[in-house]
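Each structure below is given as C-alpha cells.
One chain, chain A, links the two complexes that follow: it is found with chain B in the first and with chain C in the second.
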Partner chain A sequence: MNKLIANEMMKLVARKRLLVIGAIVGILVILFTFAQYKEVQTQREKLGTDDWRDSLQQQIIDMQNRLGSSRISDDWREQIQVSVQQLQFYLDQDINPSEPGAVTFVRMFIENSTDLFIPLLIMIVASDLVSSEHTLGSVKLLLTRPVKRWRILLSKYMTLLLATSLIVTMTGLLSYVISGIVFGYHGWNAPIITGFVVDGGNVDTSSIRLISQWKFLLMDFGLVWFVAVVVGTLAFMLSVLIRSTAASMGVMLASLVSGAILNNMVSSWESAKYFFMVNLKLTNYLNGVAPPITGMTLLSSMSVLLIWWAAALVLSFFVFTRQDVY
Partner chain B sequence: MLGKKSVRYITIIAATLSVLWLLSLGWAIQDYYAGATDHVVKKQDRSQKTVIKNHMFTVVALGDSLTRGTGDDSGKGYVGYVADDLNERFNGSIVVQNLGINGQVSSQLKKQVKQPNIQRQLAEADIILLTIGANDLFQQGRTLENFDLATIKTIEDAFVKNITTIFTDIRKANPDATIFFVGLYNPFIDVDETGVTSPTVRDWNRIAEEVSSTYPRIVFVPTYDIFQLSVNDYLFTDKFHPNQEGYRLMADRIAPLIKWEGESK
Partner chain C sequence: MSATTLSVRNLTKTIKKHKIINGISFELKAGEVFGFLGPNGAGKTTTIRMIVGLIKPTSGTIEICGYDVKKNFTKAMANLGCIVENPELYPYLSGTDNLLHFARMLPAVDNKRIAEVVDMVKLTERIDDKVKTYSLGMRQRLGIAQALLNRPKVLILDEPTNGLDPAGIREMRVFIRELAENEGLSVLVSSHLLSEIQLLCDRVAIITKGNIITVDTVESLLSSQEQAIWHLEPYLKGREILEGLTEVTTLEDGYMATPYDFTQIPMWNAALVHAGVQVLQLNRKLPVLEDLFLQLTDTGGAHIE
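And then the complex of A and B:
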C-alpha cells in the first residue's frame, strides 16, 4: 500500500500540478494584496483620519442608511441588520474587526475562498487522478498488476487527501508571506469575537467569546480543509465515472458556480439546503453570518457534506472495481 | 525530476498537515458547540479611554436625512457644501464625520449620542452640525393628513425632552465646540390650503430655539425663510427634501459663521 501511495505521489509531483497551483495562488494573492492596500488608502483619504473606529462608525452609519431605504428586500435587510449589530458590538468593545496585518489578510482570504477558489484548486488535481489514466492509456498497465483494484483506487484517494492538505497549507502560507510584505507579519494575537447567534434579523450576543486570531485561523483552516476534502472527493468520483478529464472538470465547475449563484437566491427554497454547493461556506458560522437558508447550522451543513462525501466515495469504489476497461 | 527521497519528505509533510487540519476541524466543531465560557466578554471600563485630539479641523454632523444630503443629486447635502467652503478657506485641513441617518427621529438620535464611540467622536469635534425634528413633526406627511393640535403638542413635548438630553450629552462630551442647530422649513407650504402647517412649524422652531439658548455655544440656524416664498424651486421631486440649490442656500447660512485660528488670511 505504501508503495502504491509513493508511486501516486511521484506522479503528482512529476506532473508539476502543485507548482501550477502555487503560481495561481501567488498571482491572486498579489492582486488582492494590492487591491486591499488601495482600498485602505482611499478610505484614509476619504475620511481624513487613520482611526479605525471612525471608519467603522462610518460603515455602520452607511448600513443604517441603506436600511432606511424601502427598496431593499427583506433578506437583504436582515443581513444588514445583523452586520450592523455585530459591527456595533466590535465598536462598543473597542476591538478592530479587521486589525491590519498579514494574519488578518490570510483569514479574510481563506474565508472568501472556501466556496469557490480552494475547491477549484483541488479540482485541478482531483479531476484527472483517474481519468488521466484512461486518457493516457496507462490504466491498463496499472490494472494488469497483481494488485486488487480497490487498493489502486484507495492509493489514489489517499494521494488526493495528501494533495488537499498541501494545497490548503500552501494557500495559507503564500498569502501570509506575500501580504506580509505590505501589511507586516503581525496580528496573531488580535482578539476576534465569535459566538454570535443569528436569529432572523437579530443577533444574540449572550454567548459571545473573545479568542485570539491564531486560534480562530486554525479553526477556519480545519473547516476549509473539510470542505476541500468533500469537494475533492466529488471531483474524484466524477473522474472515475466520466473518463474524460475535461468533462468531469466541466461538471464540477458548473455545480460549484451554480452554488455561488444559488447562495444569493435560495432563501425561500428550503429543500435547496441538501445541495452540497450551498453548504460550502462553513466559516460563516464561526463569524456569525446568517446562513443562506434559515435553519441551516454548522452541524446540518457538515452532515449534508458528509453524506455527499460518503456517497461519492462508495460510488467511486463500486464503479471502479466493476468497470470494464478497454 | 525529483528524487525518491524528496517525494517521501513531501508525503510525510502532507500527512502531518492532514492530521493537523483534521484536529483543527475537530476543535472548530467542539469550540462552536461547547465553547469555553470563561472568555465571555465583559463590559469594558471605557473611562480610561483617552481622547487624542487630531490637528485637523473636525466637523461632526448629526441628525436625519437633511444631514445625510438626501435629495441632492451630488449627494453632498448642506454638510458637503459647508465642508467645501471650509476646505477652501482652511487649506484642505478639515475632517468631516457625517453621522446622519435617513428617517432618524429625536428619540433615536438621543440613543445615538449616548454611544461611547459617538461620544469620542464628538469630543474630537471643533464644530457640530445638527438637523433633527423634521421626522418627529411631519411623520412622513401623516401629521398633515390628520391634523390635530393635541397630537402635535404631545410630539412637541417629547421632542423638547429628547433634544434637552441630546444637548446635555453633547455638551458632556464636548463643552467647547459650537453646535449649529438647523431649524425646520415648511415643505408643505404650497399644498396646505388650510394654512395650519406654517404656524405649527414656526412655533416648533421658536421652541427649538428657546431650548438651544439655554446651552452655551449653540447657534440656531433658521431655514424657514429660505423656503418660504418659492418652496418648489428648492425642493427635490419628493416635495420634502431640499434639492441641490436648497442645500446650497442652507450651507451659505452656516459656513460664514465658522471661524478657526488656522484660517489663512
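And then the complex of A and C:
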C-alpha cells in the first residue's frame, strides 16, 4: 500500500499541483496582509490613537447606530446584536479580540477561508485524482495490474488525505511567515474567549471560557481540516462518478458557491441544514457567531458532514470496484 | 503439445439487452502468436477488455495460467501483460518513472528488471526523458516494456501497429515473433489489418458481430481456399469445357479460376488438351486472408483496409 501511495504522490508532485496551490496561497496571503496593514493604518488615523479599547468602543457605537436604523432586516439585526454583546464582553474583560500579530492573522485567515478558499484548493487535487486517469486512458494500465481495485482507490484516497493535511498546514505556515514580516511573530498566548451560546438575539455568557490563542488556533485547524477532508471526499466521489475533471469540478464549485449564497437566506427553511454546504463554517461555533439556521450546533453540523462523508466514501468504492472501463 | 496459457469459454457480454459478445471460446498455447481478426465493432476490444478484467463478462469464464480472472484477479493478472488500444502512459513522467510506477504495483520487480526491459525494447538512450517528448513508436515500445515487467506468460496487444510507419510495423512484428519464439510467451494480437495478422500469427480467430466464425492455423485456412488459375487458348471453348467439369470464376485479362483439387486438375487438363484447347498457363494460387475474410463475413468488408 505504501508503494501505491508513493506512486500517487509521485504523479501529484510531477504535475506540480501542490506548487500551484502554494503559489495561490502565497499571493492571497500577501494581498490580505497588505489589506490588513492598510486597515490598521486608517483606523489609527481616524481615531488618532493606538489603543484597541478606543477602536473597539468605536466599533460598538457604529453597530448600535446601525441597529437604530429601521431599514434593517430581522436576521441582520440579530447578528449585529450578538456581535455588540460579544464585543462589549471583550471590553468588559479588558481583552483585545484581535490582538495584533501573525498568530491572530493566521486565525482570521483560516477562519475566513474554511468555507470556500480551502475547499477550492482541495478541489484542485481531489477533482482529478481519479478522473484524470480516465481522461488520460492510463486507468486501463492501472486496473490491469495484479492489484485489487479497492486498493488502488484506497491509495488514491490516502493520497488525498495526505495532500489535504499538507495544504492546510501549508496555508497556516505561509500565512504565519508572510504576515509576520509586517505584524511581528507574536500573539501565541493572547487570551481568546470561547463558549458564547447564541440564543435568538441574545448571548449567553454563562459557559464562557478563556483560552490561549494557540489552543484556539489548534481547534480552528482541527475543524478546518475536518471540513477540508469532507469537501475533498465529495469532490473525490464526483471524480469517480463523472470521470471528467472539468465536470466534477464544476458540480463541486456550484455546490460550494450555492452554499455561500444559501447561508445568507435559508434561516426560515429549516430542512436546508441537511445540505453539506451550509455546514462548512464550523469555526463560527467557536467564535459564537449565530448559525445560518437556528438549532444548528457544532455537533449537528459535524454529524451532517460526517454522514455526507461516509456516504461519499461508500459510493466511491462501490462504483469504482464495479464499473466497466471502456 | 505445449501448455494452455489462456482459455476463454462461452464468453458473453450483454449491454442493455444488446448482445455485444455472443459466446466466444478459444485457447492460447505457450509460444504461439494468436491473431484476433475482425472489422471495427466486431467485439475484439470488448473481448480483450474482458480478458484483462476491465469489463465484467455477463457469463462465461476466462482463465489465465489456470487462474480465473474473476475469482483470482491478482494471480491471473500477475501472469499477464497488456496494452489495450494505445499505450497510455503518464506523459508528465519520464520513461523511468513510468516503469517505476508500474513496477511498484508488481511483486518482486527490481531496478535490474527495469533496465532489462528497457534494453529489450531499445529505449535506453531516451528513457530519462519525459514521455510527452516521445514519438508514437517510442511510446508503443515503452508500453511493451511496461507490459513485460512482470515476466508475463500471456501478452495481449490490442492493435499494436496502429499509427506506426512501415519500418515501425516491421520492427514490431520481428519483436513480437522473437518474444513468442525465444521467451515462450503466448501473444494475443488483435487487428483489422489482414496482412499484418497473416505475417505475424500462427493461428487466427475471425470474429464478427460478437461471434467467432472460425479458428484455425493461417496455413490451413488459406489452403482450404486455394485456387487454380487457367490461361487458355481459345478462350471461349476452353471456358465451356471447364464449366462442364467444375465451378469457374472469370477473371480479368482472359484468366479464369477454378478450385484447386490436385486429383482433378490433371483430368481437366487432359480434357482440355483432348478438345484441342491450348493450356498456356496453369497456376496454383494461395489466396490472401483478405479474400477469405470477405467470404467468411457478409459485411462486404466495408471497414477492412
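Note that the second predicted complex is superposed on the first by the 326 of 326 C-alpha atoms of A that agree within 3 Å, B and C clash if a C-alpha of one lies under 4 Å from a C-alpha of the other, contacts with A are read in each partner's own complex, and residues count from 1 in each chain.
The criterion applied here is as follows: a residue touches a chain if its C-beta (ideal position, glycine included) is under 8 Å from a C-beta of that chain, and two chains touch if they have at least 3 such contacts.
Note that the structure is predicted; figures quoted are calculated from it, not measured.
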| item | value |
| --- | --- |
| Touched partner set for A:L47, first chain B, second chain C, both or neither | first |
| Partner chain(s) touched by A:L136 [first = chain B, second = chain C, both, neither] | second |
| Superposition-derived comparison: chain B or chain C, residues of chain A touched | B |
| Touched partner set for A:Q57, first chain B, second chain C, both or neither | first |
| Which of chain B and chain C A:V13 touches, first, second, both or neither | first |
| Which of chain B and chain C A:S271 touches, first, second, both or neither | neither |
| Chain B versus chain C as contact partner of A:T169, first or second or both or neither | first |
| Which superposed partner A:R145 touches (first chain B, second chain C, both, neither) | second |
| Touching both chain B and chain C, residues of chain A | 6, 10, 14 |
| Interfacial residue positions of chain C with respect to chain A in the complex | 49, 52-56, 73-78, 80, 82, 84-93, 97, 100-102, 104-107, 146, 150 |
| Chain B residues touching chain A - in the complex, by the definition given at the top | 1-2, 4, 6-8, 10-11, 13-15, 17-18, 20-29, 31-33, 35-37, 39-41, 44, 46, 49, 54, 56, 65, 68, 94-103, 115-118, 120-121 |
| In the complex, chain A residues that touch chain C | 3-4, 6-7, 10-11, 14-15, 136-138, 140-148, 322, 324-326 |
| Chain A to chain B touching residues, read off their complex | 5-6, 9-10, 13-14, 47-49, 53-54, 57-58, 61, 64-65, 68-69, 88, 91-94, 161-166, 168-169, 193-195, 207-211, 218-223, 225-226, 285-286, 298-299, 302 |
